[in-house]
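Chain lettering (A, B, C and D) follows the sequence in which the chains are written, and residue indices restart at 1 in each chain.
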Amino acid sequence: MPRFPSEKLKNEVVLRDPVHEYIHIEDKVIFDILKAKEFQRMRRIKQLGPISYVFPGATHTRFEHNSGVYELTRRICNIFARKYPSMAPNDGLWDDNNRLLVECAGLLHDIGHGPYSHTFEHLFGTNHEKIGQKIITDPNTEINHALKQVSSNFPDQVASVIAKTYPNAQVVKMISSQADADRMDYLQRDAYFTGVSYGQFDLSRILRVIRPYSDGICFTNNGMHAVEDYIVSRYQMYQQVYFHRVGRSMEVLLHHLLQRAKDVYQKGNLQVTPSLAKFLEGNWTLADYLNLDDGVMETNFSMWTKANDPILSDLSKRYLYRKPLASVKINKETKNLLPKLKTLINQAGFDPEYYTDTNSAFDEPYDAYKPTGKNANSQIEIMQDDGTLIELSELSPLVRALNGTFQGDERFFFPKIMLSQNDEPQIFDPLYQQFQKYVRNGELRYLRRPNKKKKDN
Amino acid sequence: MPRFPSEKLKNEVVLRDPVHEYIHIEDKVIFDILKAKEFQRMRRIKQLGPISYVFPGATHTRFEHNSGVYELTRRICNIFARKYPSMAPNDGLWDDNNRLLVECAGLLHDIGHGPYSHTFEHLFGTNHEKIGQKIITDPNTEINHALKQVSSNFPDQVASVIAKTYPNAQVVKMISSQADADRMDYLQRDAYFTGVSYGQFDLSRILRVIRPYSDGICFTNNGMHAVEDYIVSRYQMYQQVYFHRVGRSMEVLLHHLLQRAKDVYQKGNLQVTPSLAKFLEGNWTLADYLNLDDGVMETNFSMWTKANDPILSDLSKRYLYRKPLASVKINKETKNLLPKLKTLINQAGFDPEYYTDTNSAFDEPYDAYKPTGKNANSQIEIMQDDGTLIELSELSPLVRALNGTFQGDERFFFPKIMLSQNDEPQIFDPLYQQFQKYVRNGELRYLRRPNKKKKDN
Amino acid sequence: MPRFPSEKLKNEVVLRDPVHEYIHIEDKVIFDILKAKEFQRMRRIKQLGPISYVFPGATHTRFEHNSGVYELTRRICNIFARKYPSMAPNDGLWDDNNRLLVECAGLLHDIGHGPYSHTFEHLFGTNHEKIGQKIITDPNTEINHALKQVSSNFPDQVASVIAKTYPNAQVVKMISSQADADRMDYLQRDAYFTGVSYGQFDLSRILRVIRPYSDGICFTNNGMHAVEDYIVSRYQMYQQVYFHRVGRSMEVLLHHLLQRAKDVYQKGNLQVTPSLAKFLEGNWTLADYLNLDDGVMETNFSMWTKANDPILSDLSKRYLYRKPLASVKINKETKNLLPKLKTLINQAGFDPEYYTDTNSAFDEPYDAYKPTGKNANSQIEIMQDDGTLIELSELSPLVRALNGTFQGDERFFFPKIMLSQNDEPQIFDPLYQQFQKYVRNGELRYLRRPNKKKKDN
Amino acid sequence: MPRFPSEKLKNEVVLRDPVHEYIHIEDKVIFDILKAKEFQRMRRIKQLGPISYVFPGATHTRFEHNSGVYELTRRICNIFARKYPSMAPNDGLWDDNNRLLVECAGLLHDIGHGPYSHTFEHLFGTNHEKIGQKIITDPNTEINHALKQVSSNFPDQVASVIAKTYPNAQVVKMISSQADADRMDYLQRDAYFTGVSYGQFDLSRILRVIRPYSDGICFTNNGMHAVEDYIVSRYQMYQQVYFHRVGRSMEVLLHHLLQRAKDVYQKGNLQVTPSLAKFLEGNWTLADYLNLDDGVMETNFSMWTKANDPILSDLSKRYLYRKPLASVKINKETKNLLPKLKTLINQAGFDPEYYTDTNSAFDEPYDAYKPTGKNANSQIEIMQDDGTLIELSELSPLVRALNGTFQGDERFFFPKIMLSQNDEPQIFDPLYQQFQKYVRNGELRYLRRPNKKKKDN
């Protein structure tokens, strides 16, 4: 008897998807999850948040990404079941009884996300992972109801796969590892919708060379370069899309805007939609969380453009009408210049608390050995003809170059007018001239004092 | 002196666009329009409205489409200026002094659209064309301010191009004709984001063969098949995407939902965001209109899921959680069955006024001769080697087949439960059995009476 | 016991293919056919012959097309076996015992082709269909040897599928019908390599809606537009690629060149490679045929550029160095002008027998009813929900427009110098002036007599 | 007066190209070069030679690549002329007077190549660079004739650009540097036709960020990642396509086959086509060279399959029917095993001189500093906002990882039967068993001595 029996749909249902062509749904439980209101809500939450302000095509939502991850797990299961079916317990091959479990986990791995998750969590103490677990296991959700069709403890098992506590490493790593269905989908999808080509690694080839082994998932020898290329694509997408300075600038604005709203609300007198009000009050339930989406947030921002508080009103307009802050690269040393610069910015009429910020964006494109932490022990292994495994960075000079490094930069954000130039009136104002002396080639720099310079030479 | 002098940007600005690769901006006025709040607002209005419920990738917005139309007009101007520059007045070639005018018109041709324009206009008496003219010409808008940089009457001239009253036919038809930059962009863009391939005609070739002539724009002889293919793509997109029965079903829901909200609001006691309230009151200004977007509408729907009115609450849920009505094809004859069916639907507990509807979706893929009306005289001409023009349908058997026809269907929409089958309890209820007898192969049909049948044979 | 038992390869072999991503080979017999020298020879025969002179990318060979047809039959079998497996004899569903048979037939359906088949057959009385049958059934070929691994009569059965005499209509029509794997592959492939987009119909969707039925293969109702689009793509590829006037011109040259070589050879004294010699002598064997390929032909043409016969030498150069003849459209009426024009061409120094020709290129994009002939009874059927079939042209206005029509043109070919213009010396020669009067807008036309003209005005 | 005056064509001519969409030809001299017989001959020489035996789609020819390089130089000139036009001598910007020169150089940079250049040169002492110079400057060629239309010394100037002696570094480096039009075209083109995605870097973005400077060509700061990605793509194409072990195996076969033919020919009695005969005799002219192409070579191989010499006959069949040698990786140490292995191979009946070989394939993906040699001083520079240049590997961790390294492997090639396994009779033969002990995971290895093994355990 299968571990997780599945009722099949009378007719397969498909969703048209520009990235994977079709999402195929054969199981009633998958279809019912898709129809659940907690899942439909993801149609209203953009996958990349404010990055659509930089790449206008990037309006795709978490709904599509989650469907895509499901579809990739489904395809990987198909491949494993055909090429590597387990014949005996612990033979290191794929037990297709886990299929429905991993498909549901793929579909639901991000279900806890709300609008602008990162910023929101920081300000309101929400946690998308815990909320996701709750959505799956709370008997009041439609998703929980759908999952229980399979068995009463199926929701818990799905949750355990997402939490990485499920005992079968192949199941867990198909969803969470350095080369999992989640990353494969979002890199391809984000590349498609932004219109940059960097994320387009060779998914067909990756799916040809992926295979299970006793401790999880690895890749066969002839696929080394495809996996290497995937790591490089990931690096490129981080550097070029996810860490784009303007996207981060919009996120800084968003953070300050919500922070200011919180402050103003507590002083009373701010028009807010009911569900967001609960968060500003610090008194929210799961139902309130599920009522939030990008549109609700923007509706509030739009109302706030008319707020009495001039800073809140201004920040709301800057966000909605896309007036990003400018930024420059900083480092440990040049950071010491920031107090000086903030003084100038203050003199120019901007409260530095709301109009400046620093923001670090660093990613570790690959780590060969992670003994602890969230991605512990998920290094990518390449299987040789005789079954031995070699860790990826031993074979690839590119991955070796990225292995264990942190790629990205730290930036200082401030009002764009500080950099205004010849066609604007500020050009003759010593305040702005002073500020601009500290900026060269997009970086902050120390002004060498004339006498110091002399000594140096 | 150029008719419309343009201040150039110091550095060209580009937007990454998945369809055209880059949108290139060289003129300050174009850049300023893009930055105007009335234009930025289009980022929050989906190009295809509820069609994203059917094709999940179709979350692209009017912002991208308008930018894309601008980019196409820019490219066509480049081609015309290089290959067909006017040397003397009335030589039928391209006067590049019109470039900035037509680019602005391309960028702004849809600026009057709000959320769900079609449905909204029907219910609230708005008119996106008039509103668009107002946004361009009203001295209080940022767009008007940007346009006036060129000259004081430039806004009026841009408006006249969009209104098709500008005297130069080449300028008008680049934006509005049966083969204009508007259609070329939306077909390609909608195809890209829905993931269907039908809309992907050969744009590069179209741009190779497009040319000006004294009465507008035509295509050279060697491009006949490319233009033919474009007409066929258009037909396919209408049949497969724009007229998709589920998309229309969501639009029917939307209409009923807003209608019900209007009714409930007038009886008092409905929670509404301030800008939508003005419309329900029938007392709105341009500023109110500009405050609307998809997110505002959905925020209201979300609040209404908790409305006291059970029909409004139910319709709001159906829309937000994607529970479309079912539908069948009808025709002039089978329409007579509708009263009977509505009675059954009423008996099943649904108010037919809010839970049923008929909807016609017909498109004329091409019309060789339109002496009057909106697209008067915009037939597509193919220029022969000796300069004579031949109308497209004379050359193409495919276009001839579509010429002057109306393709599409009329459907009757009703609650899906009326069609519920074997796995659902209604299967044994004679009410549903009765209803279902009228449906075969997705169409409504007459039941032959047994005695009538006898006679027939 | 399976009807055609297949030995599987220890490891699946794949070929990288730009059109289908991968060609998958799991059966030893398929792999052995691919390795057979008669099959490898197809690497040296271009799929589109002289069309690469017009579309330089079109250098792809019959090897890739045949592999691609195999891959499509394999995928269709996979779909049929998963979705429509036969449960009982004559239930109209798919019996997967036929899989190996249809895959081999797909792989070998074009195996009898040689270089420039059409032209070659006409001149040397070869017949690629008969030769194909022989290659499959002759015990001396490696292909026959490979097929016999399955069973002693397997070669005959494969041959019968290709000859359309095999009793199972599903098997036959998967290879030969108006919507078969052969056409689906070549349209996509030729579109990819020529770089035109017209042939790119939605193959994924076609494969979603294809299904078996008792009399062959049909498509489900929801796929009507995909099939319609495929028929239109086919029409476009014929009009734009296969019937391109320059491609046909090169084929006319080729024909005259080989004809002249035959004539010269019979008079003795022509350097020829051994295998082609046999054909010029009219005394060839299968082995000679299998020694021919594009390179052998071009090697001969290259040697003939130095032939003593000036016409042969000139035609060889024209072909190898791509100097196509010019052409104009003709019709039944204007054909009467040809003797007059040939006289002028003769006066210009060209033997009309070798330097002029007429060529008809007409295709019937679709035929709803063919009671007899090669494609008898292969109309495309669309299956309704209740299982009834409707013929495609009843549903599609586009297919109805093309149904039973013959699209294309007839052209007259002649030396390009006859059309030479202002920058060339012939411009003042009355001979050329006279010729050119008969040509307007790419067509031949009658000259109106001056006195007639007078009356008209 | 322009340095190189150009006569324009009356109408622009285009070639359809799957990689760049269209190749645009506006100048008569470009058109005349394309029509020259020395250029047309490149239609018959595959760009990647025997690699089409591995990637069947890779049948594209040097004709298309050369046209593509021309098109890229044309587009770069367009960009430079629009964005960076020189205003004064030595201002480091682009002087568009050089356009025709660099376009011709791009079109002709590879004109000296013959079939299988590398192998051929090695055996017959030809040199494609010298031959290319001769084709351009020899007054008997049609190409020289075409170039002289511009000026009598134009052929020499074009030749000097290709030879890198022309004084303008921008002109030279557009054709020959680590990021030139040549590489940009072949990476994209080879990726398209092989069907691998690795070579598909973001050409549109590269063209956005490329710019001239006083010492050549560099890239603006915002394009660093696009250039980085291009270097990685180049690395991937070398590792995955150009260095594919089976492609190299076919090249080894080709080399041995031609070597054997030379030996046999010198002993007399070998059927050869006239032009190849001249090379076997060591007595060839430019005209003979221009008569060679892939088809001529294969025609000879085909005749040689029936040669009396059994080795020549066997090697010809192996090449034509794609029977590659097997191979294993070797290194400096394991190379010492080769004599032992060759003895076994000899015992198995194969002459090691013709049936074994070693082959090194190493590429330097990028070199930051090359003071001398062919690519001297062509490091890639990234221009900062203030005009300073930073060498690429200082900015990119990936390029730094590849910088100055040699990526690839050395392999030993031998008859595949030496590795034959369970399903073949050799399995029980100690000769083969002995051989196979030296191979593990695709590499050669030393056998541990039995007594050593004992100790280990």
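One rule holds for everything that comes next: a contact is a pair of C-beta atoms (placed from the backbone, for glycine too) under 8 Å apart; a residue touches a chain by one contact, two chains touch by 3 or more.
What you see is a predicted model, and the numbers here were worked out from it, not measured in a lab.
**Student:** Going by the touch criterion at the top, tell me which pair is linked by more C-beta contacts: A-D or A-C.
**Tutor:** By the number of C-beta pairs in contact, the winner is A-D.
**Student:** Looking at chain A with chain B, do both copies bring the same residues to the contact (over half shared) or different ones?
**Tutor:** same
**Student:** Select the chain at the greatest separation from chain A, using centres from the mean of Cα atoms.
**Tutor:** It is C.
**Student:** Centre to centre, by mean C-alpha position, how many angstrom separate chain A and chain B?
**Tutor:** 33
**Student:** For chain A and chain D, let me know how many angstrom lie between their CA-based centres, rounded off.
**Tutor:** Inter-chain centre distance comes to 42 Å.
**Student:** Could you give the separation in Å between the centres of chain A and chain C, each centre being the mean of its C-alpha atoms?
**Tutor:** The mean C-alpha positions of chain A and chain C differ by 50 Å.
**Student:** Touching at least two other chains at once: which residues of chain B meet that condition?
**Tutor:** 21, 196
**Student:** Help me check something: in the complex, which residues belonging to chain A touch chain C?
**Tutor:** The touching residues are 12, 14, 21-22, 83, 204, 208.
**Student:** Spell out the part of chain B that touches chain C in their complex, as residue ranges.
**Tutor:** 196-198, 200-202, 221, 225, 228-229, 232, 235-236, 239-240, 384-386, 388, 397-398, 400-402, 405, 407, 440-442
**Student:** Touching chain D in the complex: which residues of chain C?
**Tutor:** On the chain C side, the touching residues are 15-19, 21, 35, 37, 40-41, 43-44, 46, 52-53, 55-57, 59-61, 63-64, 67, 192-196, 271, 273-275, 291, 293-299, 302-303, 317, 320-323.
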